[in-house]
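Taking it in order: structure first as structure tokens, then the write-up.
Which chain is which? They are A, B, C, D and E, in the order written, and residues in each are numbered from 1.
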Amino acid sequence: MDLATIIGLVLGVGCVVYGMMIGGDMGLFYDQSSIFITVGGTIAATVMSFPLKTLLSMPSALKNAFIRKPIDMNKDIDMIIDIANVARKEGLLALEDAANSVKDPFLKKGIMLMVDGSDPELVKSVLETELSYIEARHAVSIDFMMTMSSFGPAFGMIGTLIGLIQMLSNLEDPSTLGSGMSVALITTFYGSCLANMICTPLGKKLRIVSGEEILQRELLMEGLLSIQDGENPRIIRDKLTSFISRKEAMKGGKADVARPSAAEARE
Amino acid sequence: MDLATIIGLVLGVGCVVYGMMIGGDMGLFYDQSSIFITVGGTIAATVMSFPLKTLLSMPSALKNAFIRKPIDMNKDIDMIIDIANVARKEGLLALEDAANSVKDPFLKKGIMLMVDGSDPELVKSVLETELSYIEARHAVSIDFMMTMSSFGPAFGMIGTLIGLIQMLSNLEDPSTLGSGMSVALITTFYGSCLANMICTPLGKKLRIVSGEEILQRELLMEGLLSIQDGENPRIIRDKLTSFISRKEAMKGGKADVARPSAAEARE
Amino acid sequence: MDLATIIGLVLGVGCVVYGMMIGGDMGLFYDQSSIFITVGGTIAATVMSFPLKTLLSMPSALKNAFIRKPIDMNKDIDMIIDIANVARKEGLLALEDAANSVKDPFLKKGIMLMVDGSDPELVKSVLETELSYIEARHAVSIDFMMTMSSFGPAFGMIGTLIGLIQMLSNLEDPSTLGSGMSVALITTFYGSCLANMICTPLGKKLRIVSGEEILQRELLMEGLLSIQDGENPRIIRDKLTSFISRKEAMKGGKADVARPSAAEARE
Amino acid sequence: MDLATIIGLVLGVGCVVYGMMIGGDMGLFYDQSSIFITVGGTIAATVMSFPLKTLLSMPSALKNAFIRKPIDMNKDIDMIIDIANVARKEGLLALEDAANSVKDPFLKKGIMLMVDGSDPELVKSVLETELSYIEARHAVSIDFMMTMSSFGPAFGMIGTLIGLIQMLSNLEDPSTLGSGMSVALITTFYGSCLANMICTPLGKKLRIVSGEEILQRELLMEGLLSIQDGENPRIIRDKLTSFISRKEAMKGGKADVARPSAAEARE
Amino acid sequence: MDLATIIGLVLGVGCVVYGMMIGGDMGLFYDQSSIFITVGGTIAATVMSFPLKTLLSMPSALKNAFIRKPIDMNKDIDMIIDIANVARKEGLLALEDAANSVKDPFLKKGIMLMVDGSDPELVKSVLETELSYIEARHAVSIDFMMTMSSFGPAFGMIGTLIGLIQMLSNLEDPSTLGSGMSVALITTFYGSCLANMICTPLGKKLRIVSGEEILQRELLMEGLLSIQDGENPRIIRDKLTSFISRKEAMKGGKADVARPSAAEARE
């Protein structure tokens, strides 16, 4: 669970709804045709901008912004060290069992390549290619959210123009002017909320989640390559610990920088 | 047929028209002089911004966003493998027949160069130059759509200003104020729709279509160069399969990454 | 004559004027003080942003967007081949006569350097420097138009604010409200037209014209260097023909890519 | 104390409040639900865009923009020279005492690495990594402020739309129209003030403070590496003095450029 | 005197004031509290965004945009040639007298370094460092003007919101509505004028002035290094003349490109 996403969404909706309820009836803000124009139009224009497959991949991408487990790099490091110990004692071939118990497909593929006795250069190149594909996939999801975010207010304005044109062309009963304009503004309201309460924050969160996932995979890759290189598990742990500081820096928070060990000096 | 473009367009127009019909008479939204100002002005300003030839090339460029056949890389790979088998058994000269049955001019040119016994360096350089020209052509089409997309709302506002100036200068009969303003807003409505329902989504789709087409040509080029190099068809297939994962990543969707083969290790 | 610039301008003005005439009297849209504020202010702010010399160089820069002769690269290639034939038969010194009949100062300078027996490295470096200066000059003109394009709507709004402040502070006779606001909006109308019907399209056209001119000079430079190198005229023609494809790609149009010749292979 | 931040904030609030008081009652500008919508919504959307940890790190980041002591590089240089003198006379091991009296964790870590007898390459690489983490942390804080700055006016507009929709739908008593619209505009006012009086200036100030802090650490790093290299304290002082000119240039102010010494020539 | 800055400013103010006078009383546009909010707020927010020192350095930076003497590179070249002749006849040591009569601190520092017999590498590195500091100083001034330019309209809108909120909340006497709104719009008027008539043009002019000053220093540096190298004064003049063409290109104007001399060929 990404707490900030949930807290931010609940807090944002809460603040806006509270402000709405003080002023009067919530029913004012529901208008079916406005939903069609704003939400429907925004989704339609975004779908038109991307391949159909991008749309279908969005639910699993958004899951990342909401209910992903926090990445625990310490656990990843422990796992790499376990694998390193097995590899040291029983050889790389013994890792086949480890691969079977691993769920992460990236890590699994890396281990299987080592079990197959692939060349270290090949392992590195395959994992780097895999990483670049993961990054490209993330970039498309972020682009999708940001595109939606810019279509939202645009279709909000289109809806408001429709409402104003209809209202103004039919001013026989001036007493309806107010309520007509009120309805016309609802689409702009929907468009602004869609962009600023949902799409932009989710797009920005996806960018940060993507950065962390890429960093985690880099840690795993670094670990696997060190194992294949036959490095000492203690030294591998030293190396990988520095990734934790990097992750903290990406969040603006502090972490003790790992005490540099002799291992790094040797590099 | 690019389904997303069609679905997005139909869905978008449907949502907006449905929202319009709930509110009243569709005839309200038709105004001939507004079409002149907004659509005419936008097209005129865009034509002025580019050479005449760019305008003439747009219909065939836009066809790409709508009715292009989906790129089936598996078929491309099969075709390359067929050619590779012919080349292996009967030599490069025998490819002349293959070239005649090929429609794609890029692939045809590549095969003919090989038949002519051109140096591999030359084949590569000619095909890369060709690729860069294709990319430049695509970039101009995308720029054209995006330029139209920014002129649309601008001419919409010019039209609305014209309408407001005319209406406000002649307020003798206040009962016409509403309908005058209603007509004035129609140009802004046209401009927003032109930009957000047509030009921006098509521009973005063209960018993605361009990326896929370039990738397809890179696959073909990679294949041809491997054939000229006399590589084993099985190894060629392994190499080319990785392009499918790349294409999927560009859409945000997943594909199984090709199992790395010994072939890649040798590179 | 650049047809697209003329067509676009005439079409754009025509569409907008037609839309204006349907709605009423054209005289409504003429207001002397609005011209002072919008056009005068925009020009003043742009002049303030650049050196005086930039302003003075704009007429000849804009001529390029309107009445330049289309660049006929085939003619340029023929001319280079003619020069190459003279150089082959009578030696580089015989080119002095050719230089005298050439009007383009860039080409003339290049030929004179060769007649003087300058080192090929020097010829190349002088012509490349000259090219970079031409490019810098073009960039300043484009920047000038784009700066005007962003000041136009800004001074339009300043004028509208002036009009509104004057009108609102003096509402004793409400019947004048409409016409007062009408006049106030004229400056915004002027500013939008200035930006979207003139400055932005001309700036974009200048960018494309600049690209073509630079490409033409690169063709001439490539030709001259090949002549100095003593290459065969037939091979020089092959080389230079590829520039035509490049020019077409820059417009989004297609041209047959030159059949690669043995000459390129040798490079 | 960063005087410019305090002066700017006090002056800005003063000017705006003074302008408000001339026009009437300050109580007009307080509206509880507007605070909820604008400030609450802006914070919520920003929190949603970042990890929770970023939010928690903001107070200490903002402290930097307000109450940081001005960086006195002369004092830093004196301290480095003191350390250099100790190292010269008593050896690097004697620096352990110096490290204990040092508060800055960056400098402390550097000294401890030298005391441990680490390789100069390792010291440099550890300190550079540390610097890059500090820079990443700063970048996140700046991004946080700039994100808040763009959500502020957006939620201001959402609040105004809510107010307008409520007011317009309930126009039975036209005398309340004015005050209803007045309240509706308060959220836009809050959003603009939040963005332009607080978030944008603080974000820009944080960027400059970050630049200065990074420069100070570079000075310390340069000093430590020179000490480890056993350079003459007088030469070290010459080298470090040039950082003061660099700092002044970053502020637009002038400083005498250090007279170049023989030391630099030797590099 | 930079004529374009003065002409542009006088012309711009003239056009706008003329447009204002046609419409009525100039006194309408003076409002004390609006000045506080818009000008005061803009300055306050800009001060808050930068260190205090940047503010203090702005007067001398702006002097550059107004009353700087035009850079006469021919005179600079003559001066360099004079120095070169002295150095040739009497040796580098004799330049100490020349240094004393030179006012430009950059040139003076360069000559003194040569008199001191510094290594050419050191002279070059010191002057390049000095140049990079000058460039950084200019960049801060430009950033300051552009930041002011974006805060201007923002505080204008804040002021207008304040005015509207006060006016709308107190509509008992509808006859004051017009004049209240008129006053409210004055701040937006001030903000737009501040940004478009002063800050943006000055910022853009500073960028161009900066480019020319940097180019002049590069000419001086090139000259000094050639003198130290003992080159022939005639050849030095040839080299430096090419800077004049570069300067003209930066303004969009034409200058005859210097005839390339044998000197350049030797490089």
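Methods note: a contact is a pair of C-beta atoms (placed from the backbone, for glycine too) under 8 Å apart; a residue touches a chain by one contact, two chains touch by 3 or more.
Model, not experiment: these values are computed from the prediction.
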- Task: Give me the chains shared as neighbours by chain C and chain D.
- Result: E
- Rotation in the CA alignment of chain C with chain E, degrees, nearest 5: 70
- Message: Rounded to a whole Å, what is the gap between the Cα centroids of chain A and chain E?
- Response: 44
- Could you tell me the distance, in whole angstrom, between the mean C-alpha positions of chain B and chain C? 27
- Note on the structure: Note: chain A residues in touch with at least two other chains are none
- Task: Output the circular ordering of the chains, read from chain B in the direction of chain C.
- Result: B, C, E, D, A
- Item | Of all residues in chain C, those that touch chain B in their complex | 2-5, 7-9, 11-12, 14-16, 18-20, 22-24, 28-29, 175, 177-179, 181-183, 185-186, 188-189, 192-193, 195-197, 200-202, 204-205, 208, 242, 245-246, 248-254, 257, 260, 264-265
- Item | chain E-touching residues of chain C, taken from the complex the two chains share | 32-34, 36-37, 40-41, 43-58, 61, 109, 113, 118-119, 121-122, 125-126, 129-130, 132-134, 136-137, 140-141, 144, 147, 151, 154-155, 157-159, 161-171
